[in-house]
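The two complexes that follow have chain A in common; it is paired with chain B in the first and with chain C in the second.
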Partner chain A sequence: MRIVKLKKENLFPFLEVISKEADLWAPVKKYEDKHVFKAVEDFSEIDLDYQRTIIPPRRILLPPKTNMFEATQNTYKEDFSNVSKKIIFGIHACDVNALVIMDRFYNFAYDDPYYTRARENTLILGYSCWPDEHCLCKSTNTHIVTEGYDLFFSKLDTHYLVWIGSSQGDDLIRKQPSLFNEDISDKDIQTYLNWQKEREDAFQAEIDFIDMPDLIELKYNDPLWEELGKACLACGSCTNVCPTCNCYNVYDKPILGKNASKIVRCWDACTLENYSEVAGGENFRENRADRLKLWYTHKLQAYISKYGKPACVGCGRCIVSCPVDINVLTVGKTLSGEKVDAFWKRFNLQVKKEVRK
Partner chain B sequence: MKGDAKTTVHANPFMPEPARIIRTQMLTKDVKFFQIRLADMEKALAFRYSPGQFIMLSVLGAGEAPFSISSTPSRPGLLEFCIRKAGTVTNALFRFKENDLVGLRGPYGNGFPLEEMLDRDILIVMGGLGAAPLRSVLLYCLDNRDKFRRVILLHGAKNPEEMIFREEFYSLKEREDLECFLTVDSDTTGEWKENIGVVTALFEKCRNINPADTAALVCGPPVMYKFVLKELVKLNIPKDQILMTLERRMKCGVGKCGHCAIDYIYTCLDGPVFTYWDVLHMRELI
Partner chain C sequence: MENSKLKIGIYELTGCAGDALLILDCEKELIDIFNAADIQSFVMAKSDNIEGDLDIALVEGSVTTEKEIEELKDIRQRSKIVVAIGLCATVGGIQARFLDPKEWNERFKKVYGNIEMTHTKPVQSKPIDAYIDVDFYLPGCPIGKEQFLIFFTRILKGNPPEKSQNPVCVTCKYNENDCLLKKGILCLGPLTEDGCGAICINHNLPCAGCWGPLKTGNRTSEYYLLKEKGFDVEHIKKKMANYSGTKIASFLKELEKEKK
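For the complex of A and B:
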């Protein structure tokens, strides 16, 4: 690993150089404080002062709808039209770590070519961030990156420190080395360390993930799940915004006038009603409580048991997007016996009151 | 789009192979038997699988669904399935005729642990469509008869007309090296010469098994499990020697779509065969 220095005013010239051979995706403002990743031509659109994008960057690799095949009775033609050379710039540490989880998942047992091909044509240029009250990534230890990036930009006062994480990242720098500078002074190092320290102290949200696998097990029959189930709208938002969710559905879309179909894969959510239905209409998870239990088992227990860390990277998206405040923070805290203030709690109290009347 | 995307060749696990329907036959009023062979003869002969595994069948315009392989790898070339009319894909399959092409990919899943079953008594308990995966392992045991000790088959159905593979199992009764017991809840034909009563009543016939050295294989409708498992435990068969195959919604078969997940288990990769011990530890399993 090598670290170089880039003057702030050299950032756009650098992006200019590297975007000649690949589509550059970067955060842009959609409305108010909401951001999305977008393929940008006009760099003035880029807004690096963002907290979290609405939809996680996995969307760029596997969009909500992906055509897998164009098929006729006996030929299946693979469709990789989504695959192109891409550079994702401005992606925060939690999302880089989420992609590492995705990489592992899509390569496990069988290699998923729709993800893998898109992924191997994509370079990840991370960007430092500052936590808000919803960022949980320090608790998940994903507020820093150790792998999964090609370059990582840490913003200091007048310049960036740029971590080079891969040889492809190094190639990018070499396209115009004159933009960069190798002599990092003691002062630079101190500024970075101070920033780092301040950032560590700035985290507000916190939960203890170590106990989660045990708590999920011990509280499997806790009334909490029914309470959550009663308030959940089964809207699927939590799943759409989570950077480590990956479930999908597949359907045949007949092409009109031809005896042919497109085989399409589209995002699905385990929080939706018909997710676990099998033949004969039998549904193994008919009620919302059971489906939420599956979701939280996955985020807080399953991955920890397998890989020693949670499948949650603490991005805070479920916290800002669930209309009834069902999220890792309120669920995690309630599991560990802490009191929380959440819509689903007030909702259940209200329901109880009305029942009493 | 800029630059040339790298195109490393990846085997595409979602790519179906064209397969030809060789023969079909109605087994009951809503279950049909299919013999299918990969259209490419070399691939057909090279197709390896083990009993208990499943494949994905696809029908253009209708979609794809998982089906257990009912044939045995000891008789290569042809794959056999019994398929119940349930929805989009199966309805389309029922309209297919001999020589028509379907898509097939697989095999997937773990299958039965044949190594651990060697030199043991094999007790097979099936009900309804559970006959589909269990016929594969039954025929496998019969084709490799010297590798197993006693082979006992208990098969239950509502009535004779709904007994899948009725004729075939009936003729297996002739074999001296198989203890085959068939039962129906009620005889609607007036011609039934076998047992009448629920499948658990057949357990009388295996009181004298050696439980520590028995592998019990169970597959059937959810209600059957409850009663059958109780009987097997009563027989003192160790819980990790009771094997069952489970059904979940499956959209990919290769651990990607998430539909078959139970806790941290993917039924399509880690199953569909589980031991009763596994099941007791995964609360959502049945």
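For the complex of A and C:
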């Protein structure tokens, strides 16, 4: 690993150089306070002063709906049209860590060619951030990156410190080395350390993830799950915005006038009603409470037991997305015995009151 | 070859005829549609209609007269598969917005006075499954082109259609929209069948529910959520009832009870 220095005014010239051979994806503003990753040609669209995109960058590697292949009775033609050279610039540490988890999922027992081919052609250029009240990544220890990036930009006053995390990252720098500077002064190092210390202290949200597997086990039959199930709108948003969710559905889209079919792959969510429906119409998790329990058990227990860390990277997307406040923070805190203020909590109290009446 | 094609009938009861129109509007695919199926009856598209036995009948519109009840029963009898297409056929449409029979009679008199109907007797508007067994439902107001073509092609090839049970929110998130409900806007996305492509929310307008109510939608929770956000309860009920036809009657009754 090597660290180099880049003057702020050299950032766009650098992006100009590297985007010649690949599509550059970067955060752009979609709403007043909400951003999305978009393939950009006009760099003035890039807005690095963003908190979190609505949908995580996994969307770029595996879009919500893709054609997998077209088949007839005797032929089969794969569709890898989503595979192209891409550079994702401006990814925050939580999302870089989430992609590490995605890499593991899609290579776990069998290689998923649709993901891995797209991933092999994609370079990850991380970018430093500052936490807001919903960022939980310090608790999940994903507020820093140790792997999964090709370059990582830490923004200081007048320049960036750029971590080179892979040989492909190094190749990017070498395309125009004159833009970079190798001599990092003691003052630069001190500025970086001060920034890092201040950032560590700026986190407001916190959960103790170490206890989560035990708490989920101990509270597996807790009334909490029924309370959550009563309020849950089953909209699937927590799942669709989660950077480590990876379930999908596959269906046939027969072509009219041809004896052929397109096989479509689309994101699925275990929090949705028809996710657990099997042939014959049986559904194992008709109850919303059971579905939420599955999601949280996966994120906060099963994955920790297997890999020693949660399948949550603390990005805060479920916190800003769930209309009824069911999210890692309120559920985690409730499991730890803390009081929380959330719609699902107030809703249950209200319903109980009305039953008593 | 001609004989192996499935015999199809497309029928319109009371509605805006938007669903039949949408089928005709599949201009690029129209030749393929007529090539792949033997369209026996389709009043909007042709005049030489044959009313005989059918493999599949697509029925749009709600049932609002006694004559239509007869017509519908006759279609059922002649068809192996009956599909309800569009909001009016699937839930009854806006005209079936839950009203008790007494209230309906009063409204009817208010609009038509004591006029005597000679042609056929009007009845309270209902979805087609109030009178006959329905094999499949294709919601929408009107139905969506892509959804219809996938559905139609599958059924022509003898495969049951995919069941859509997702709320609008799923596609809305695919499209990376900001959640309007979270922002305090009365959006019915979580309670509404997916299929429209989240078109309103894509344009920053809330979902009005026109694809019809999602069977498993958590109406109670969203009702309380909207109430907490300061919406008037009558307004919430009106919005929820608008495109739900007769299908959320029991939920609305529960709310009435609660008021008392």
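Everything that follows uses one rule, which is that the second predicted complex is superposed on the first by the 356 of 357 C-alpha atoms of A that agree within 3 Å, B and C clash if a C-alpha of one lies under 4 Å from a C-alpha of the other, contacts with A are read in each partner's own complex, and residues count from 1 in each chain.
Note that a residue touches a chain if its C-beta (ideal position, glycine included) is under 8 Å from a C-beta of that chain, and two chains touch if they have at least 3 such contacts.
No experiment lies behind these values; they were computed from the predicted model shown.
Q: Would you mind checking whether chain B and chain C clash or fit side by side on chain A after the superposition?
A: Fit - chain B and chain C, as placed by superposing on chain A, sit side by side.
Q: With both complexes superposed on chain A, which partner does A:D183 reach: first (chain B), second (chain C), both or neither?
A: In the superposition, A:D183 touches no partner, neither chain B nor chain C.
Q: State whether A:K30 touches chain B only (first), chain C only (second), both chains, or neither.
A: In the superposition, A:K30 contacts chain C only.
Q: Look at the residues of chain A and decide whether chain B or chain C touches more of them.
A: B
Q: Under the stated touch criterion, which partner chain does A:Y106 make contact with: chain B (first), chain C (second), both, or neither?
A: Touch partner of A:Y106: chain B, not chain C.
Q: Of the partners chain B and chain C, which touch A:Y76 in the superposed model: first, second, both, neither?
A: Touch partner of A:Y76: chain B, not chain C.
Q: Just to be sure I read the superposition right, which of the two partners does A:K85 touch: chain B = first, chain C = second, or both, or neither?
A: Touch partner of A:K85: chain B, not chain C.
Q: Taking the superposition as given, does A:A231 touch the first partner, chain B, the second, chain C, both, or neither?
A: After superposition on chain A, A:A231 lies in contact with chain C alone.
Q: Look at A:V324 in the shared chain and tell me whether it touches chain B only, chain C only, both, or neither; answer first, second, both or neither.
A: In the superposed model, A:V324 contacts chain C only, not chain B.
Q: Would you check which partner chain A:P254 touches, where first means chain B only, second means chain C only, and both and neither mean what they say?
A: Both partners.
Q: Quick one: classify A:T297 as touching chain B (first), chain C (second), both or neither.
A: In the superposition, A:T297 contacts chain B only.
Q: Once the two complexes are overlaid, how big is the angle at chain A between chain B and chain C (Cα centres, nearest 10°)?
A: Superposed on A, the angle at chain A reads 70 degrees.
Q: Give, as a whole number of angstrom, the minimum Cα separation of chain B and chain C in the superposed three-chain arrangement.
A: Between chain B and chain C, the shortest C-alpha distance works out to 5 Å.
Q: Check chain A for residues that touch chain B in one structure and chain C in the other, and list them.
A: 251-252, 254, 277
Q: How about chain A: which of its residues touch chain C in the complex?
A: Those residues of chain A that touch chain C are 30-31, 34, 36, 53-55, 59, 64-65, 230-237, 240-241, 251-257, 266-267, 269, 272-274, 277, 288, 320-324, 343, 346-347, 350-351, 354.
Q: Taking the touch rule as given, give the residues of chain A at its contact with chain B in the complex, in rising order.
A: Listed in rising order, the residues of chain A that touch chain B are 19-23, 68-69, 71-74, 76, 78, 80, 83-85, 105-106, 108-113, 116-117, 120-121, 220, 246-252, 254, 259-261, 268, 270, 275-280, 282, 284-285, 290, 294, 297-298, 301-303, 305-306.
Q: For a test of understanding, state which residues of chain B touch chain A in their complex under the given definition.
A: These residues of chain B touch chain A: 1-8, 10-16, 18, 39, 60-64, 84, 86-87, 101, 103, 222, 247-249, 251-252, 254-259, 261, 263-264, 269, 283-284.
Q: Show me the residue ranges of chain C that touch chain A in the complex, using the header's touch definition.
A: For this pair, the touching residues of chain C are 29, 32-33, 35-36, 149-150, 152-154, 156-157, 159, 162-163, 165-167, 169-170, 173-174, 176-179, 181-182, 189-191, 216-218, 220-222, 224-225, 228, 258.
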